């Protein structure tokens, strides 16, 4: 038999590593013009709807939305405050003689703050009708004391930047409640008595939906035995604030004030509102991700892919990396553009508008890109498992949208539960404020979606190596 | 000159490639029915291959070898198992038993497989929205092939001018050319084409015939499937014929034609009866082939001419009967069992 | 026409996926209703008698979810023919294209009406059983659901009609875009995303406008049986809005279907 010299490929040094696979998948992705257009359309719709929603959202009315001027809508910093400047260390003692019980969180007590500017650092020792004695600072610190109510003695002592709160039933034996550190406290600090009472907010189910019912409260409390003791001798300025001008040496006060000095859980999240347009972009990306995979089956191209790269799991992994990466970049562009174009359109309330310098806002924007990237990879994985475009899209969209749609019809508790355990939890990353209807914190929410994505992708990769395509 | 593959290597040293190519270890592959030698480098081999889909047996103990330097036709009716065999060779399906090897290895173990095996399975396999050049580019990139290979193969199949057009707008013939271009990207020593002639016009058939001959002439192993033997006429050197997943014949084309022709000679004459009488001599079988022709077996041409001239029978032509490949194939499948008995490769239907 | 109808019916019937989709649509409707009714109780209201809960509407809530599968079924009815290339066979057999589209619509609507009726009746049955457990019983002024009650009958029949109109909308879009993935995505975006994003619109006037013109919120007004004055759009006009969308989509799909090459 005639045997010929076997041929040898003239191609030198071919390689089929992961980098080559990624480059190959990128070539695939970019070379179908329709897909690029879909992506662009997704970006455009995201920005436009973000602008549209921003225009129609925000606080209705002309600014009296209850928010405190100039600070994040996450916080309320309002009430009745009688104060004077204390230079350096010292203490203030008072007896809260009485307090009106109109809310468990009505507040009456002592407050030391860096200045009277809203949002400035503060430490407050207070009595509440329902939650006992508390030492709170800077909206987020909350140290419980005894469960005693008025009448009760309170003392706030400044030493450098630390402020210590103590309480006493008789003004003789004192118990320490706690100590807080106030960054940025200068030589002079405002000290005095305050009264506040949050609006009563109730979720009420009626007419097949839940309504938030808000009623305003006026907190009242009387104080006596006020004593300011500076560590360093000084001439104390007169008391300021409060309803009527108090005498310089007054030792008893009666204050009444609405508002609250605390976190506020009912504010409109302007950033999240703007970024909801990303949901339209997400739809385009889901369709694109599913098509990117199922079109190969539809056109028989999958055999070409598997002949060129027999290690199927790696092909899918490369695909996921490329698609996720591209979606992340595109999503980042869309989210930044939405924010820049839509935030000027948000109707101005009292509260400070969201700014890029706010880490929460930045997290929401970058998180939106990550959300879209995860959704893309999740869709790809589901498509790879189901291999049918119609089934994959229906499953992904139901998992992502049904919890949100159902949320508008179900009681809040059920809706929150759904938004915690389904892939829709990923949308939490768009939040910048903590609200009464927040189901899950931003990063854990994204992590839930991440877990779904990882499981789906892992299963898809495991399976792709197993079944004959 | 007859050269063994081993000598071929000695004559053309290429140290890098030789070192990278390792003989598969037995424990890698499970029990192999042979020890791979360096000569297996460009050989496609199927051994005792079996595959069932549910209760349907698609491939039933199939064995054959595709050698370098030849075009091997892979023939059988539709549903005989050709595509299934090719898919298993390409690692797209897993055999239930036996092995399908390319260059002595299982396809899935190949690194940068495009440089070893090129395949055309389905000419319609492309995204209609992608440009032809981009289609080849992503394939090339997956194996780290330089982009200039894309232009080279486009040139080779004559699609250079259509490179920027969307594949969806291509004609059937252009699809085939694009598919073949994809198979040639890695300049591989082994090629597997599934029905490459399907849908081609006569010009395209000639083109592909020449291409196959040229590729084999360069020393590549070429496996071409077809359900029509006539499509392989003039291109195949060797034939593997299967039916219902089993081997019917594994033979060279020359051998098959010789066997089918059987030394028969056709005589064209108006005097059929006279010719029959004159030629009915010892050792000859004579039969009327039609109104004006007679078929003779067992006599050389010169003797026939002498006999006719001596007998005074006028004739207009004497020619050796040359069966077409198609006829030989029909003959073969008709006598499948007998053929096997003589070839020693019998598997009862 | 009759032959074309039979041909379309055979096509729909012989694809096993369609049967499963129809069954799943009915099943998902009932299951979602069960979840919704189980999650709501009088305990969430100020008092059981001031809940003003629309129990019929609550029991038909599953349609929100079931419609997604109706969309898949209806889009596939046309886009799958393009995906598999069968459209050429279809048009070779029935060259008049409007006949193809109309018969396909008739067959899909018939299938959806059947599945929808099963889903809606099942949902009402579930509601009838589950609701009293959560306090929506006779004692608190909630009579058991009954189709003999006019508004309830309207809500139930209207929900089935709603599903049929959604199917037509989806079929129209599927015919227009010819691609399964794009078709399903487009319709589900229109149905779900618009209301979800709309929830962020705080301006009550804009919100009402959005609810009046979004096909799902407008169409589902048909499910309301009480407190009709609180609806952004009355039941029948609401279904009319959806019918407008469906007609528009069918018209667009039909025109494109007529003028395009297959």
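Order of writing sets the chain letters: A, B and C. Residues in each chain are counted from 1.
Throughout what follows, a residue touches a chain if its C-beta (ideal position, glycine included) is under 8 Å from a C-beta of that chain, and two chains touch if they have at least 3 such contacts.
What you are looking at is a predicted structure, and each value in this text was computed from that prediction instead of being measured.
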Among line, ring, star, complete and other, which best matches the way these chains touch? line
Chain ID, smallest distance between chain and overall C-alpha centroids: C
Chain centre separation (chain A, chain B; CA means) in Å: 67
Where the CA atoms of chain B average out and where those of chain C average out, how many Å apart are those spots? 57
From the mean C-alpha coordinate of chain A to that of chain C, what's the distance rounded to whole Å? 35
Two or more other chains in contact with one residue: find those residues in chain C. none
Show which residues of chain A lie in contact with chain B when the two form their complex. 1-11, 13-17, 20-21, 23-25, 27-28, 31-34, 295-296, 299-301, 303-311, 468-469
Once bound in the complex, which stretches of chain C touch chain A? 32, 36, 39-40, 44-46, 50-54, 57-58, 61, 64-65, 68-69, 71-72, 75-76, 80, 83, 179-182, 184-185, 188-189, 192-193, 195-197, 199-204, 206-207, 227, 230
Given the complex, residues on chain A that touch chain C span 49, 53, 56-60, 203-208, 210, 268, 272-273, 276-277, 279-280, 283-284, 286-287, 290-291, 294, 298, 389-391, 393-394, 397-398, 401-402, 404-406, 408-411, 413-414
Spell out the residues on chain B that touch chain A in their complex, using ranges where they run on. 2-5, 8, 11-12, 14, 17, 39, 41-43, 67-70, 87, 90-94, 107-108, 110-117, 119, 121-122, 124-131, 134-135, 137-139, 141-146, 149, 182, 186-189, 218-221
